[in-house]
Every structure is written in C-alpha cells, then in structure tokens.
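Take a look at the structures below.
You will see chain A twice below: alongside chain B first, and alongside chain C after that.
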Partner chain A sequence: MTVKVEVKAGGMPHNNIMALGLIGSLVCVYLTYLNQLGNTQVFSFFGALAVVFAIVWGSNAIKVLCSYGIGTGVPSAGMMSLGSGVIAMLLATRYGIAAPIVAVIVAGIIGAILGYIANNVLSMHIPVMIRSITELAIVGALTLMGFAALATGSFTLTPLMSGAAGFSSSFIGASIIAVAFMLGGIAIQHPFNATLGPNWEQDRMLMLAAECVFLSAVMMAIISFAFVGMMAAIISLIVTVVGWVYTYMQFIALSKRDAAAWLDAKPIVEPEVA
Partner chain B sequence: MEHVVFGIGVTALAGTLAAVAGAAENTESDIGSQGDPNSQVQLAPQMGYIHRIFNKAIAGEPPAYGLWCALGAGLAMGFMLLQYNPVLAIILGSALTVLVQGVYATTAYLGRIASLSKFGQPVYVDILKSMTTVTMAHAFIAIFTTVAICYLMNAALGHPFPLPLLGLVWGIALGAAGSATGNPFYGKERQYQLQKFGAGVPIAASGNIVRYAEAGQRNSLDNGWFSAKLGGPASGICFGLIVFLELWRTVIFEGIGAGWGAIIVGILLILVFTIIDRYIEVWARKTYGPYAKPEEAKS
Partner chain C sequence: MTAIGAKPAAGAQMEPVPMAIGLILTLIIIAAAFVLTGSSMAVALVGIIVGGLLIGFGVHFVPVGGAPAAMGQAPGIATGVAMLAAGAGLAGLFGGAWAAELGFAVAIAGGAIGGGLMMAITCMMVTLIYVYGMGIPCASGKVAKDPISGDTQTEFKSQGTEGHGLPFSSYVGGVIGGILGGAGGTLIYLELLHIYEDKLPVILNAGIPAEVKTVAVSLAGIFAIGMFLVNAVLAAYNITGTTEGPADPKFKRFPRDIVASALASAVCGIVAIMIVL
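Take a look at the complex of A and B:
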C-alpha cells in the first residue's frame, strides 16, 4: 500500500476540471466538423482548443496519480496516455461524425483494462490508478483527434489517409501522427513534471499545461500548411501564436509570484544557518 | 556493386553525423542537468545548498529527444510536401524545433525553481538567459544531424519508414545513448568532485553538489565545458557506432538469405559487444576496485 504524499491540495477540485476538460474538448473537436458542413477548412483551429481542454485535464489527472509517490513515473504516465489513446483514436476515426464519442468510449475501456493490469497484475495498488489511467487514455485519444483536426481539418479516417500525393503524403501515411503523439506525450507530462515540489500551485501548473499545448499547436499549425488551404492554416497559426504568447506571459508572471526571489546576475544566496 | 559502395558511403556519412549528434546531445543535456544528474540538482536546495546550476528536466532524455527529432522531421516533412528543397526543409524544421526546446527549457527551469521557494532557491534570470541559448545551439546541432541521418536512410537507402517515424526512433536512440554514456561524467564525477573517486554518493552527501568553481561560482556552462571534453565525445562514439554498425550490417548483409544475413550479423555484433563490455568491466574492477575498506587500502 502506498502512502499518499499530498503536499498541497488546494485549487479547483479534480472532478470539476475533468468535467470541463471532457466537455470542452468534445465540443471543440465537434466544432471542427463545421469544416465538413460548410465545405471549408477555416474551423481547423478548434482542434488546438480541443487539445488545450484535454491536456489541462490530463495534467491534473497526472498530478492526482503521481501524488502517490511516483516521481519518475510522470513522463511514463504521459507516454502511456498517448499510447493507449492512439489505439482508440485510430479505431474511432472509422465512425465518421460519431468518431470523438467512440474514441472516448474505446479509450475508456482500454484505459480501464490497463489500469486494472497495472494495479492488480503488476500489484502497484494505487487507489486512483484505474480511474486515472482511464482518464489519461481518454485525454490521449482526444489530444490526437484534436491535433489531427488541426493539421488536416478533419477527424475521420479517409481524409487522414489521403494526401496530395496519395497515402504517403497523408497525416497517417507521412507519420505526422507520430509527431502529434510526441507533442501530446511531452505536453501532458511536462506541466506537473516541471512544477512538482513543495510549493506546487495548481493555477501555475494548469497555465503551463495550456502553454505547452499552444506551443505544440503552433508547430502543428505550421505542418498544417501541407494539408489545408493557406487561409485555414494562417488562421490556425494566428490563434495558436496568440494563445501561446498569452499563456507564456501568464506562466512567467505566476512563476514570479511563487519564486523565492527573482535575481539577475547575483551571487548564490546562502541560507542563514540557524 | 555500385549500389553497395554507395550504401557504404551513405553509412559512413550517417555514422559521422551521428557522432556529432551524440556529442552535441550530451553537452546540451548536461548543461540543462537533464537525465539522472537532475535528481541531485533538484535535491540540493532542499538540503540547504542554494546553487546557480541550470535545471531543465523535460522528461528523460530519450522521450525529450524523441519529440525534438520527430518534430524536426515532421516539420521537414511538411516543408518537403510543400515542395521545399530537402536541405532547406531539414534546416527550417530543426530551427523551429529548437524554439520549442528553448521554451520548454525555460518553463522547466522556472517551474521547478518556483516550486522550491520554501527552501529559498531564487530564480537566476541570467542563468535562464545564458544557459537556455547555449542548450538551444547544441540542440540544433543534435536535431539537425539526426534528422539528416533519417533523411539519408529514407531517401538514399530506401528505408520504408516515413521521416517523422524515423525521427522518433532515432531521437529516442540518441537520447538513450547520451543518457547512458555521457551522464556519468557529469552526474557521478563533476557534481561530486568533493567526494573520493569511486566512493559513490552516501546519503549524507546527497544534494551536496559542487557549487563553486575554480574562480567564482559554478554555473552550467562550466559543466558544459567539462562534459564537452569527455562525456560528449564518449556519447558521440556511442551513437556514431550504433548508427554506423546498424546501417553497415543492413547494407552489406541484407542480400544474404533474404534479409536473414543482416539479422544474424546483428546478433553476432551484440555478442561481440557483450564480450568486450564484460572484459572492460572485469578489467576496471581489478584495476580500480572494488572500493576497498580503509585498512585494506593502507597495505
């Protein structure tokens, strides 16, 4: 039985973040469907917002899971999240407009099985394990779906498998999905990994989560120039760059608020010996 | 025959690029105290040792470099799909990736230090500015060379994987090589120059990393200077050999037995290296250790 080392609870309860993340992410993924309805691609940028909602939720889920003394497991949790999510996401893309919902359900099932294996077969015995791994798998699936919609303007299988020069230049065929996988995998674990410590603050971590996603989305928006029209890609790029600049400045302000001191070119401040 | 000679040429070029990549990667990660030396840098303020060492933990090195190289390759792929020249595409992809790496480095440092405010560890803005830019420069070299290797494999040797997937695989390999080979020079020697050679780190010395330099106070550029001398080249040889031997066995022996030749040679290489490693380990133990008790050491 592991002991829960909760240094700081505080902030918004996890259930609220989960509800907000799940609903916000699903709504934003579905808003990219306006592309198909309006026969345009300019709504692709909603994919980036879907990932923001998903990963803000996911980073808090990692915090909940990893407060049971799994320090080096923080990056692994991120990889596992996307690893289980990618199966659900790829399977779900076959179901057209129902894809995001199917992805959530399939990822939930995969996550629950993996959580059960981790807890009962590998005997890790962490009370929140099954729930957290389930949540993380759903976050992983929604993250990939959001990035796919951002890059190509669609989250269904046929557009994801056909590029300008056939399969080899498509989102899946050119392995842009591997880029989305790693962008998500690092972005989901970095917020908690970078802010863990005795003076951890939830608002600072969640702001960092949004910052990581916007930064990743800027790169995905650049890649999207190869898949969507110039206009749509420029809109995505502007939205993500603005989001990144805002969240980055906010994160620096929050770090300034929490840091012991903010020194420029000063020597080591030796603590006073008691 | 011409095909094989061409393959060997590409293999040699890829191996050379890999050696450069390994050296740059290790220096970059050591300046950022990434990988296993990180735990002691993170611990130091909690034990009362305030320091001016850069502390940017962006996952471990293998996942971090998996992202940098996959992203560099993915961006390059995107530019190539837009009909950019491959060389220009790889340079643009690597440069954009380095921006991501730099931003991640700053948030990692600020986040970790701000969460240690209880112990009085201040944020040193000059450290943030000067170290981040140096790690970005080294990361650019590592990412550019690795993505170039992947492009050579894909375009010149006809590897079936798309560029970003190769970037992911070889990025993880690069991070693993740098982490396993180069880090001991920094984490187990440079941070603990106050301890006797080979003494390990007793609990009482945890977090007591070297914080003062030959002149003034040590920062991570001093550690980069140290790593560049020994850890970097060691990582470079490691990753260079991995890439070179991997491609060499494929190019030369793939034609034998419908690909089985390359697999058998691969297994033979593993056996040869296992024997070499075992020999070096036994030799080092006999020559330098095991760490003897004081009374035995006197005799």
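Take a look at the complex of A and C:
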C-alpha cells in the first residue's frame, strides 16, 4: 500500500475539474463542426480551446496520480496518456460527427485496461491508478483531436488524410500528427513537473497548463496556414497568441504571489573598457 | 518531494489471478481478431504483440538511473524511461522504417541496429560525462562482481550510495535493450504498414495505391510510436522507475511485464487494425 506523498490538497476538487474539462473539451471540439455546417473554416480556433480544457483536466489528473509516487517520473504518465490517446483518436476519426464521443469511449476502454494492467498485473496498488490512466487516455485523445481540428478545421478521417495537393500533403500523410503528438506531450508533462513540491498551488499549476497549451497551439495555428484558408488561420493565430500572452502574464503574477521573494534580475552590465 | 524521488511501493511478488486474467484477455482478443477479421489480421496482431513483448522485455535491460543517477547516488543513465524510450526506441524505429522496402529481415535488423547504436552512443557519452565531468568511477551497488567483466565493484562504491556511474554490465544491458526495443518497434511498424498499404486505398477511394503510401507510412509510424511508449512506460512501472540493467534483482520481475505487454499490445493492436476495417 502506498502512502500519499503530497499532503496539500487544496483548490478545486478533482471531480469538478474533470467534469469541466470533459464537457468543455467536447463542446469546443463540436464547435469546430460549425465549419462543416457553415461551409467555412473560421471556427477552427475552438480546437485550441478544446485542448486547453483537456490538458487543464489532464494536468490535475497527473497531479492526483503522481502524488502517490509512481517512481518513474511525471513525464511517463504524460507519454502514456498521448500514446494510448493517439490510438483511440485515430480510430474515432472514422465515425464522422460522432468522432469526439467515440474517442472518449474508446480511450476510456483502452485506458481502463492499461490501468488494470499497471495496478493489478504489475501490482502497483495505487488507489487512483485505474481511474487516472483512464482519464489520461481520454485527455490524450481529446488533445490530439483538438489539435487536428485546429490545424485542418475538421476532425474526421477523410479530410485529415487528404490534403490540397493529394494524400501526401494531408494532416496524417505529412505526419503533422507526430508534431501534434509531441506538442501535446510537452504541454501535458510540464505543468505538474514544474510546479510540484511543498509550495504547490493548484491555480498556478492549472494556469501553467493553459499557458503550455496555448504555446503549443501557436505552433499548430502556424501549421494551419497550410491546411485552412488565410482568414481562418489568422483568426486561430490571434486567438492562440492572445491566449498565450494572457495566461503567461497570469502565471507570472501567480508565481510572484507564491514566491518567497521576487528579485527582478537584470543582465550583468559589462564594465566599459576604456 | 518529487515523484521520482519517492519510494515506490510496487512489490516484487507475482499476482497469479490478475496475470491469468491478462493472459485470458489477450487470447480472447486474438481469437476475436481471428473470427472477425480473418487469419491474416490475426497473424498481424500476433506480430504486433511479439513486437510489444520485445519492447517491454528490452526496457528491463536498459539502465534507467533517474534523478538519483544525475546526483551520482545510483548507477544508470540519468533520466527517466520515457526519455530513454523516446530517444533510443524511436531511433530504432526510424532506422527500421527507412529500411522497410528492403525486406522484412533487413528492416528488423535495421531497427535493431538503430536502437542498439543509439543506446551505445548514449551509454558512452553518459560514461564520459560521469568519469571526466563529474569525477565518479563506475561501480554497481547491486552486485559485488560485474557479471560480465568480472571486475570487483565494492572498492569503488562510495558509502551511502547505491553505486554510481555506468558499470560494464549496465552498458551491455543498455545496448541489448536498445536492440530489442528497436526490433520490436520496427516489427509493429511493419505489420501495420502491410495492413494499411492493402486496405487504405479501398477506404480512401484512391485509384493508385502509391498515392496513399505516405498516409500508410505516417499512420503506421504514429501507431508504432504510441504502442512503443505505452509498452515502455508499463515496463518502467514494473521496475518502478530505476534499474541497473540485467544485473539488478528487479530484472527478475520481467514475467509480469510479459503478460502486461501482451495484453496492452493486443488491445492497442486490435484498435489500430480496426481503423481500416
């Protein structure tokens, strides 16, 4: 039986964050479907917001899991999340409008089995293991689906596989999905890994999570110039850059709040050589 | 308290009931693949499972040191298994994918050599940094004599540490792990690539199958990466983060991971196959 390492609970309960993340992420992914309904692409930026909801939830899930001391480092949980999520997400893209729901269900099944393996077969015996791995797999699937919607304006298989200049210039054909995989991986691994410790505060970690996602989403918005129209890509870029600047300033403000002291370090001034 | 520094609680004991459930589930999934999709898909699924087993078994050889190794308090490469898997395993996967057109055996060998070479370079640079950068000798904390070279270890081990640096057997273990991981990742990639090259033109209504080849390569590659990471992290959970390589007593836990990798690969593999059904 493991002992919880972190005593600090605090902040919003995990169940609330989970509900907010799951519903918010699904709603935002579905809002990108307005592209298909309105025959436009300007709603692609909702994909970035879907990833924000997903990874804010995911980083708190990693906190819940890793506060038991899994022994392999925080990033391993994020890698497993995206690794199982990408498998579920790609299968789900075949199901048209139902894709986000199918992604959640398939990722939930894969995650539950992986959680059972880790908890029982490998005898980790961590009370939240099965639940956390399940949640993380769903987060991974929604993250990639959000990034796919942000980059291409769609989350179904055929548009993701066929680009403007044939199959090889598509989201999957050009392996942009591998870039999305790593951008999502960085965003989900980093927040708890960077803020853990006795001075951990939930709001600071979640703000960092949002900041990491927006930073990754800026990259995907730039990539989206290759797939969606100029107008839609510029809107995505503006939304993600504004989101990043806002969350970054908020994160700095929260860091100043939690820091013992804040010294505005300046670069060392080289003495003038006469 | 960092998560990597916390003492993990996973015991060394085998649990017969969950392991039996895991094996039965694996067999059910293979049987379901056989009934639903035919023998060729079932054979491909078995190939994917074998690839997953190679990855999981290979990770047990890799000397993962984690944060204690970075401080010179434990032997091994000073990072987590997720990083080592992503580095060495994917190098192997790229090596194998490059050779995929040269035939099955050449591609597997290319993947194995790619993974092994990456680990050999990693281990050599790590040893250089340990010895000439940090000024610590390589000494195992788990064995008195190196099982391969026969060198004695205890004289070189600092008090209060579990050993430090990268002992010879850990070096060899790392290379073996890289070879197994690279071969396993390439095997998964090849099995999926054959399926996708057959089936994707039908799904996408592409007149010329060559047009969808890039999609098939990319799809098989990203699935292989996903399965590689899942198997590597499960193996890391089995050894609870840090190991010294084959000389470590934790190495004896590998039967648990055989079951775990088989079930995880079967679940992920059947999902990866279902995308083209």
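Rule of thumb we're sticking to: the second predicted complex is superposed on the first by the 261 of 274 C-alpha atoms of A that agree within 3 Å, B and C clash if a C-alpha of one lies under 4 Å from a C-alpha of the other, contacts with A are read in each partner's own complex, and residues count from 1 in each chain.
The rule we apply is simple: a residue touches a chain if its C-beta (ideal position, glycine included) is under 8 Å from a C-beta of that chain, and two chains touch if they have at least 3 such contacts.
Small disclaimer: the values here were computed from a predicted structure and weren't measured.
**Q** In the superposed model on chain A, is it clash or fit for chain B and chain C?
**A** Chain B and chain C clash in the superposed model.
**Q** Just chain B (first), just chain C (second), both, or neither: which does A:Gly166 touch?
**A** A:Gly166: touches chain C, not chain B.
**Q** When the two structures are overlaid on chain A, which partner does A:Leu183 contact: first (chain B), second (chain C), both, or neither?
**A** First partner only.
**Q** First (chain B), second (chain C), both or neither: which does A:Ser67 touch?
**A** second
**Q** In the overlaid three-chain picture, which partner chain does A:Ala233 touch, first (chain B) or second (chain C), both, or neither?
**A** In the superposition, A:Ala233 touches no partner, neither chain B nor chain C.
**Q** Have a look at where A:Gly197 lands relative to chain B and chain C in the superposition and call it first, second, both or neither.
**A** both
**Q** What is the contact status of A:Val51 with respect to chain B (first) and chain C (second): first, second, both, or neither?
**A** Neither partner.
**Q** For A:Met79, is the partner it touches chain B (first), chain C (second), both, or none of the two (neither)?
**A** both
**Q** Figure out whether A:Leu142 sits in contact with chain B (first) or chain C (second), or with both, or with neither.
**A** neither
**Q** Does the superposition put A:Leu26 against chain B (first), chain C (second), both, or neither?
**A** neither
**Q** Using the superposition on A, tell me which residues of chain A are in contact with chain B and, in the other complex, with chain C.
**A** 74-75, 78-79, 168, 173-175, 178, 181, 196-198
**Q** Which stretch or stretches of chain A touch chain C in the complex?
**A** 1-3, 5-6, 66-80, 82-88, 90-91, 94, 106, 109-110, 113-114, 116-118, 120-126, 157-158, 161-162, 166-168, 170, 172-175, 177-178, 181, 196-198
**Q** Name, in rising order, each residue of chain C that touches chain A in their complex.
**A** Interface residues on the chain C side: 1-4, 6-11, 13, 15, 18-19, 21-22, 25, 66-67, 80-83, 85-86, 203-204, 206, 211-212, 214-215, 218-219, 221-223, 225-230, 232-234, 236-238, 240-242, 256-257, 259-260, 263-264, 267-268, 271-272, 274-275.
**Q** Show which residues of chain A lie in contact with chain B when the two form their complex.
**A** Counting only chain A, the residues touching chain B are 74-75, 78-79, 163-165, 168-169, 173-176, 178-179, 181-183, 185-186, 189-191, 193-201, 204-205, 208, 211-212, 215-216, 219, 222-226, 248, 251-252, 254-256, 258-271.
**Q** Going by the contact rule set out above, which residues of chain B touch chain A in the complex?
**A** 42, 46, 48, 50-52, 57-60, 63-64, 66-67, 70-71, 73-75, 77-79, 81-82, 96-97, 100, 103-104, 107-108, 110-126, 161-165, 167-168, 211, 217
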